[in-house]
Every structure is written in structure tokens, then in C-alpha cells.
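Dropping the structure in here first, questions after.
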């Protein structure tokens, strides 16, 4: 499915849910690329499905978790990281007034959404940096899926959890006693010296970068514009999210946007942050990124327009 | 007349099997029923037993009675042995040791002492029929319905069974309806013989057999005039 | 006149009355449980769900979802039943083929969809994944029933067929198919329920455009539990309706199966 | 001397040989499919999965998971079979109760676990959620089979039982239970497969500590598809083993069910 | 002697049913078999038909033959009508119109023209038995096995059936084995009568009936000396 010399359609996959919010404006008004190339967007329900579509070569570009991008690259798929599009959006939420610092998590049941994903590794890394043994001193519970953790917090069934957006926002909205006692981003900065941790990335097919560099950079520019617009207009973006069926209600999306770090950091600039995060994965679960840090050619150089 | 049917009508679809049929059963007596195949004999027994509701008509003295029935097919429980099949119907009536004794003695009476532990599919056709007989005799009923009970049983065994039946009947007379195709059997066991027409079944003739039971012999010529009359009726 | 007791299921008035009593009892239990839980997010009460359903059901989005799920469920059921009956028949008739197919059948019986979801996502469009999941679930159940049904054929009749040298197809039509019929009935009943359930669950996984499961997952993520229950209610109604249709059809079918 | 053909399944040598051929054919198909797909992430080849299994199976973590899943599967199967048989029996025997229970049964048949997962997670510890999910799935299948089994009781024998005024329990033990037996056999076969499948899927959802599903999900998140298949293989082996154990038991049980 | 059994042994568990049993069947002749219930008559027919394998012994000329069988139970397909049941066994042999004609004419011969469209559970016991007879007669077999074929059939119909059988047999003689408990039937239909002992079945006696078939009458006294001898043997 290599694009030919003539005009072609680039297919971009967006993850349903919070990761898709940043590109909602592209759904509303698809950008024109160069040489008559057009962009076709599709909302993909899960990271699994996204991986499947990339493996099957059905997509030319896709948004997906950073570690998954590294894993696919390590498996020999011809996609490269073009930009980080979402930074850390994970918070500790609690209804218990006694919880004030990270150390207060010790010995208590902390519900974490997503075993083997960023939230877990984030907590582990911060804990170790602060001299806690995550397996002995922390009691991490993985049994509840994301929406159920938020629901349980809202209903007062549990009191302490680690949640990504927009679920953290929902939990806060659902229970007036819920609050965020401290910022995980800050602790991450202290632990790793990096300003933030990237969560989602945009990958582009090798051949597109090589044969259609102009279209590729137009795509990136459109993406960057969309993110800027979304951050500036959370309410309007929420409406579009619901309209394009990206899996969130307008109100929820609108409330979550200001609390989420939608960014657009081109690959060369993001490399240090990405490597810091992948190093964590590599240490705790090497297989999840393919057993090694990706080589430099993972990070695409995008020609400026 | 404690037991009777009055003006019974029964049809299956538009096939009329009984139409204005009446019959009285004398208590403690054996009514032998002869009739062509498919005329309604089994239907009649089923109506007496309350297994088939008549379309109209009256039944008297029957709903309170306890019935025993030798069905036209043996209807044994396939998963139970001969002995267990007989015991099964006694479970609600007798305690354990009495039940077993009674079942064993009736299996002996039908000549199956040696086969009490076999299941129906290990029995021959005639043996199954005899288990069904033993079951019906073992059950303490007021009314005994016999639908061709000696099917598939050889002559010698059959005479033994009939004699055993007559002994039981003399010791403890029950009201019996006995359907058969053998005139000689009807004459040997019956106190009365009823001959039915083809469907819808009507009573073509009824003969009271006044010769006392203990003076009858199977196939004897004492009743040969009655026998001849019945043959004439049957063979037309 | 003496009445004979009927062994037939009580259709008509008494059945409907008992059904109504049962439904009321169920709703009552639900209401009590909801009060005990005391949280709309965890377990909404029946009136709350009824309100959510009343809001949801008239929307175009809902009707489109209902249509999509209906078609998927019927398709999954049809495939499970047809393929299951064919494989079950073969396994019941030929012990050698039964042994040969047994490894593959065991794999199908025990493999959760999630294990092969990547394959499913690649091989099928997202709307077909729920159908695939439901077939994976219901097909082995149908095979088990049909196989047992073939084995339940009357040995006396089979002996008769052997003696009179009946052709295979006559044996199947006259002896095996009627023996199968009640097993097929229970297989269908079981499979129909499974199909609705698993199609909706599969939709939650694969999020096709018009699907009850997609709607349900949306409501779940938004913590709209009452709406989740309303979507579920739609699935249950689909199940109840197709059940009724199937029962009606069953009363007509047996005759059609017999040789002309 | 003339030989009679046997209708029994081919146990022993020919059955085993056919099974081996079937297994080989299945592996071959898999290998071919893997080559066609050409991606270890989507469909790893059999040798690749065998290597992953050889690495995984001797680990303590795996054995603990196997034990946990085994106990859950057996428990779910036991509950489905016992409860399904009881409810099926009641529904088969009493048409009024069948009508009364029918709304609740339809709800159970058609409600996907995901709709009530929140409740399940709150009411049960995480290890019990997979059991709950599996029961929700397998129970209605057992009910359908047992109900049909009760209906298949020989009407001639039931008439006999009525005439001789057998007690309810004697009727059940002597007439209904034997009529039920083949239906129970296929219900068990169907339910056993469902239980393994759904228990593992439920574990993926609820992530209990020692569980094949938890391990599978871990591998899934890392796109270690060969490891996912290795975990699945363990589930399939559990299914095959319990199948065999169950078949053995079945040959002994019928006698035990009969009246003493 | 085209058909024969030599030195057959057959036991079920440790119950010996046949032990060194030999029998020749003359082609085109009727061998009537009498014997006590459970002695092994059905087992013998099943061995002849190849439905039950003997434990040891030899069968000659049988494996290539086509059999027809009136089983001891009717064994009708419950979902098919009487007519369809008869047609069923003809499907592999005859085309559609011929098959139907043949089935209808045999149902007529057993007196069931009016019931051709009924299913087994709508038929009486005797009617089912007659459908089974019609099926066996309709099927073009070399050897006809009859296991108490006239069970549950009234005397008049039974005589009609026997006469129909004799007509068929005269027109197109088949090799027949006819198991019965009625001596008179054996004498009326048989070319030879074989009397078996209780199990393990041995041949107690065999009588050749030389009176030509068209001169016999049912229950006539022409064979009364043979009949008396057989009764003596049976009743002991």
C-alpha cells in the first residue's frame, strides 16, 4: 500500500477516548495536504485495534501510547514517532482528608487503573525515588477498570486511586469530597529530572515521510493547530467530541481538557522525555517496549514547511 | 353396580371411537372384552383409568378407586431392573422389607425369579410382558385393567399365569377388565364376556358365564356352545 | 366428569399471570437492592432506569444501534446454529471424524475471544468482531447438544434401518433428525441467549458504529449507570422478542423437517 | 463369521490415531495461517508459541495462576451445573413456575457481564468476578438443556407413574432423571467449555492475583502475542483435561443416580 | 440347503442362550418356530439377520441375502405416517410411483387403507403391528423373519392376514422363519415346525408338514395328530 506518485489518501487513526480529543478539529474540518493528497480520519476503539490496523498496514499514521509505538517499532513495523501529542494526565484522587503527601499512600489500598500501563510504572518510579518499595510499602490494587474506579470514588466505595483523564475529572465532579492532594507531575520531575512524561504519540509510516514529506509536514501542522484550538476552546471542542462520537460526552470532555496536557512536541524535541519514560518501562517490563530502547531513527525528522 | 360408564363419547379428530357407550362393572368380577383391532378397547380402559378424558358422558365410582394396569406395551422403566420396576409402584404403599417380599413373590409367580436383576433391554419380549403383569398384580388396586396381558408368552407359561391369576382372584376378588383376542382365555378367566363391534365400538353381545371358576379348565368343552356362539359373532 | 391433568406448559392466561407475578417480584427485588446500595452510580433503581430508557429509546442513534445489534445477533445465531448442527451431526454420526475434529473443537471451546482479538480485528471489519465472538461462544454449545442428540437416536429404529438397508439420507431424515429435534430446541434456546449477550459484549470491545454495546460503553465511561442499564434493557428485550419468535417458529418447523 | 458394525465411539487406537491426525492438521493450518499473516504480533507460529510456553510454564507465577484459574473454573462449572439443573428441573416440571421465573431467566440470559460489572466488582472480591461471569454465561445453557430433558421424559412412563400414583420423588428419580441424563451430559459438555473461556475472560477484566487471565492481559498489553497464546494454551489444556475427567466420571455416575 | 446355521454359540454374560445350535432353512419354505418365552427365539432371528454376532459358529448363505423382519415390537418411525413408514424401506429400491402403489396395496392387505395417513401414536397396538407386517411384506427380501407377527391382532383379522400371507407365499415363495406361540398358526403356515427347549435353546422336535398348503384350513383337524403331539411336547 505504498502511496504512488499521484494523489493519494492518507489514513490517520485516532484513539477513541481522551487521546482523540486533541485532534477533534481535524475531524470537523479535514486539512488539505499537498499535491491533492487528502486525509481520512478514523476513530479506533482501543490500543489493540490500533496495533492490529498498523500491523495490517491499514493506516498511514496513528495516535497511540508511547510504549506501544516503541514496541511496534521494535517488532519491525515501518512506523516512526513523529511527535508527542499528550503529556502526563495522571492524578492521585482521594476522598480521604488524611492523605496529603505521597508518603501517605504507604500501607493503604491504592486503586490503579491499568496494570502494565503508564499509571502503574509512574507510581512505581516515583515510589522508588522516594525510598518506598512499591511491592512492600504500597498496596496497589488493579482489579477495577477505569470507569469503575471513577464510579466507586464518586459513590464513596473507595477512597484512594490513581486515574488518568478524564476519569480523574469525573471522580472530582461526582464527589465533592474528592480532591487531588498533590501533583504527580511534580513528583515525576523530582524523580527523573524530566519536566513531564509523554503518554501518547503520533506515528507516521516510513514511506510517507520519505515519499510525501510535504504532506507529512502538512499533517503535523494541522495536528498542532488542532491541539492549539482545543486548548483554547474547551467548550467548543467538547461539543465536537460528542458530535464525532469519540467516546466522551461534551460536558465531560470540556471539563477534562484544561486538566489534560495536550501538547505538540516534534520528535527531536521530545526524544529525551520519551527515553526517560521508556527507560522506566525497560527496567520494569522490558518486553513491553521490545526489550531495548528504540534506536535514533525511531524519532522522525520532519522537514519544516 | 358400583362402577359404571354411561353414554360415553370419545373421538380423535373426526374419528369416532366411542359413541354413546355404556358399561357396568360388577364388583369383584372379571369382565372379558373381545373386539376387533382398533375398535377402541385400549381407549375404553384409558377412560376407565382416568388417563384419557371422554368428550362427554358420565363415570361412576371410578375416580375414588385405585387402579392397576397391564398396558398394551410393557412400559417398564429402562434404567431399573425387573425387581426394581415392580418395587417402584409399591414404594408409596409398603415399607421396605414388605415391598421387596411382595415384589419377589410376584416375580416368582410369573416365572422370573432368576431374572429379577436384569434390566428391560436384557429381557425377552415375553419376559418384559411378565414383569408388567407382576407389577400390576403386586399393586394393591381396587380395579385391575389388563390389556392383552399374555402377549408374547408361550402357551405353557400362559396357562400357569392364568392359574396364578385365578388363585389370586379367588383369594381376594378384584374388579377386573380383561382385554384379549383369545376366546378361550376370555372363557377361562371371565365372569362375563363382552364382544365389541368395530369402531365406533358398540356392545354386540354379552354372555354371563355361570360355571364357577374352580370348575373351569382351560380349553375344556364345558363352554363349547358359548364358545361357538362367540366365534360365529367374531368371524361373522 | 373426571379431568385429566395436562403436562403442557400453561400458555394463555395462567402462564401470563405467573409471568407478570415473576416480573413484578424481580422488579421488587431490584428496587430493594437499589435502596440497600443507595447509589445511583452503582445500582440505579428501576424507575430511574425506566426514565433513562424513555429518554434513550426514541433517539435515532438508539434505533440505529438496535438495528445493528439485531442484525449481528441474528447472524451470529444463524451461523452458530447452522455450523454447530452440521459439525455436531458429523461428530455424532462418525466417531472417527469426531476424534479427528476434537482437538480443533477443544481449542474453539476454550479460547477466549480476547486471546485472538488481534486476529479478529484484522480479519473482520469491526462490526463483524462481535459476531465472531458470539459464534466462538455459541457454536461449541450447539455442537455438544446436536452430537448428543444424534446419539439419542432409538437403537431399535437404527437396527431396523440397517436391516432394511436404508440409504444414509433416509436414516438421517427419518431417524436422526427427529431424535435431534428436542436437542436442537434446547441448543437454540441456549445459543440465542448467548448470542445476544456476547454480541453486545463484543461490541463493547470493538466499538462498531451502530451498536448497543458501543452505546453501553459510552454510557459506562461517562458513569451514566442508569443509561448503561437502559442499553442493557434493549438487549434483553431483543432476546425476549427473538425467543418468542423462535418458539412460534418451532411449533411450525418439525413438520417441515419430515420427508415429503 | 459376520461382524456387526458398532455404533460406539471409537475409543482406543483408532480414536487416538484420528485425534492425532486431527491435531496435526490443526497445527498445520495454524502454521500456514501464521505464514500468510506474516506477523508474530498478530498470529505467532506454533513453534514460537511452543517456545513461549516452554519458558512460561515452569515459572512459579504461572503455576500459581493455573491453580487459581483451575479452582475458579471448577467452581463456576459446579455452580452452573447444580443451579442450572435445579432451576431447569423446576421449570420442566412446573409450567407455572417456569412462567414465573421466565422474566428473571431472560434477564440473566441476555445481560452481558459488562453491564453489571460494577456491581459484581463491588459485591464480590476480584477473584470471584470471573466465576460470576462464567455462571452468568453457562447457567442459562444448563437450564435450557435440563428443561428440555425433563420434557423428553417418556409419556408412556409418565402415564404409568400417574396411574400407579408414584410419589413425586420416585417419578423424578426413575423417570425424569434418566430422561435427563443425556441432556445433562451435553449441558455439561457445553458448560464446561464456556466456563473455562469466560473465567479467563473475566480474569482479564477483574485482574485477580493468581489467574491465567491476569497473565494473559499482561502479555496482551505488551503485545507479546506468543505469550498470550501460551497462556491461552494453558486454558485449553485445562479444558481438555477436565473434559477427559468428566467423561470418565460420566461412565460411572449413571448407576449412582438410580434408586438403591 | 442354501441357508444354514452350524454350531452356533451365544451367551449374554454367563447366560448361555444358544449352545451348539444348528438349523437348516429350506429355500422358499416356511419354518415355524415354537418355544418357551425367553428361550432364545428372538436371539436366533437376530443372528440370522446379522444384527447380533454369535460368539462362535458358522453361518452359510446368509450374508449375501436381503432380509425382511417383523420385529417383536413394531419399531415404526414415530414421526412418519403408516404409509410413509412402509415407503421408507422401499426408497432405496423403488421409484416414487411404484413405491407408493406397493405401500398402499400392502396397507390395504393388512386392512389399514383408511389409516394410511395416521402416525404411530394415533394407531392402536394391533394397527401398529399390522403396519410393521405391511412394511416387511412390501420389502423385496430373500428371507423373511417374523417374530410373533400377529400379536394384538384379533382372530378374524389374523386369519385374513394369514391367508394373505399364504397367497403371497404361493405366488412368490420366500424363505421364512416364523416365530409364534400359537400351535394352530404354526400348523397353518409352516412347511416345518421346530419346537425349542428352554435356554440354552435346543431343538426338541421337528415336524415336516406334508399337507399341501392350499389344502390346509385354519384350525382344521387334518393335522390334529401332529397338533396333539406338539401340545404334549409343549405342555410337558
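All chains are identified by letter, namely A, B, C, D and E, in their written order; residue positions are counted from 1 within each chain.
We adopt the following convention: a contact is a pair of C-beta atoms (placed from the backbone, for glycine too) under 8 Å apart; a residue touches a chain by one contact, two chains touch by 3 or more.
Note that the structure is a prediction, hence the values are computed from the model and not measured.
Student: Between subunit B and subunit C, which partner chains are common?
Tutor: For subunit B paired with subunit C, the chains in contact with each are D, E, in label order.
Student: With a step meaning a move to a chain it touches, how many steps does the shortest path from subunit A to subunit C take?
Tutor: Counted as steps through touching chains, the separation is 1.
Student: Counting C-beta pairs in contact, which two chains come out on top?
Tutor: C-D
Student: Determine whether subunit C and subunit D, two copies of the same sequence, contact each other through the same residue numbers or different ones, counting it as same when over half of the numbers at the interface appear on both sides.
Tutor: Since more than half of the residue numbers are used by both chains, the interface counts as same.
Student: Distance from the CA centroid of subunit A to that of subunit D, rounded to the nearest Å?
Tutor: Inter-chain centre distance comes to 39 Å.
Student: With chain centres defined as C-alpha means, what is the inter-centre distance between subunit B and subunit D in Å?
Tutor: Centre-to-centre distance between subunit B and subunit D: 50 Å.
Student: Can you check how far apart subunit C and subunit D are, centre to centre, with Cα atoms defining each centre and the answer in Å?
Tutor: That pair's centroid distance is 16 Å.
Student: Distance between subunit A and subunit E based on Cα centroids, please, to the nearest Å.
Tutor: The mean C-alpha positions of subunit A and subunit E differ by 85 Å.
Student: If a residue has to touch 2 or more other chains to count, which residues of subunit C qualify?
Tutor: In subunit C, residues 41-42, 118, 122, 162, 217, 220, 225 touch at least two other chains, as defined above.
Student: Can you tell me which residues of subunit A touch two or more of the remaining chains?
Tutor: Counting only residues that touch two or more other chains, subunit A contributes 48, 51-52, 55-56, 151-152, 157.
Student: Note the residues in subunit B that touch 2 or more other chains, in rising order.
Tutor: 51, 73
Student: Where on subunit D does subunit B make contact in their complex?
Tutor: Going through subunit D, the ones touching subunit B are 156-157, 159-160, 162-167, 170, 174-175, 178, 254, 258-259.
Student: In their shared complex, at which residues does subunit C touch subunit A?
Tutor: For subunit C paired with subunit A, touching residues are 39, 41-42, 117-118, 121-122, 126, 205-207, 209, 217-218, 220-223, 225.
Student: Show me the residue ranges of subunit A that touch subunit D in the complex, using the header's touch definition.
Tutor: 48, 51-52, 55-56, 68, 71-72, 75, 115-117, 142-145, 148, 151-152, 157, 285, 287-288
Student: State the interface residues of subunit E toward subunit B in the complex, per the touch definition above.
Tutor: Residue list for subunit E touching subunit B: 12, 34-38, 41-42, 72-73, 115, 122-127, 130, 147-148, 151-159, 181-183, 231, 234-236.
Student: For subunit C, which residues count as touching subunit D in their complex?
Tutor: Residue positions touching the partner: 5, 7-10, 14-19, 21-23, 25-26, 41-43, 95-104, 106-107, 109-115, 118-119, 122, 137, 140-141, 144-145, 147-149, 151-152, 155, 158, 162, 182-183, 185-187, 189-190, 193-194, 196-198, 200-201, 204, 213, 216-217, 220, 225, 228-229, 231-232, 235-236, 238-240, 243.
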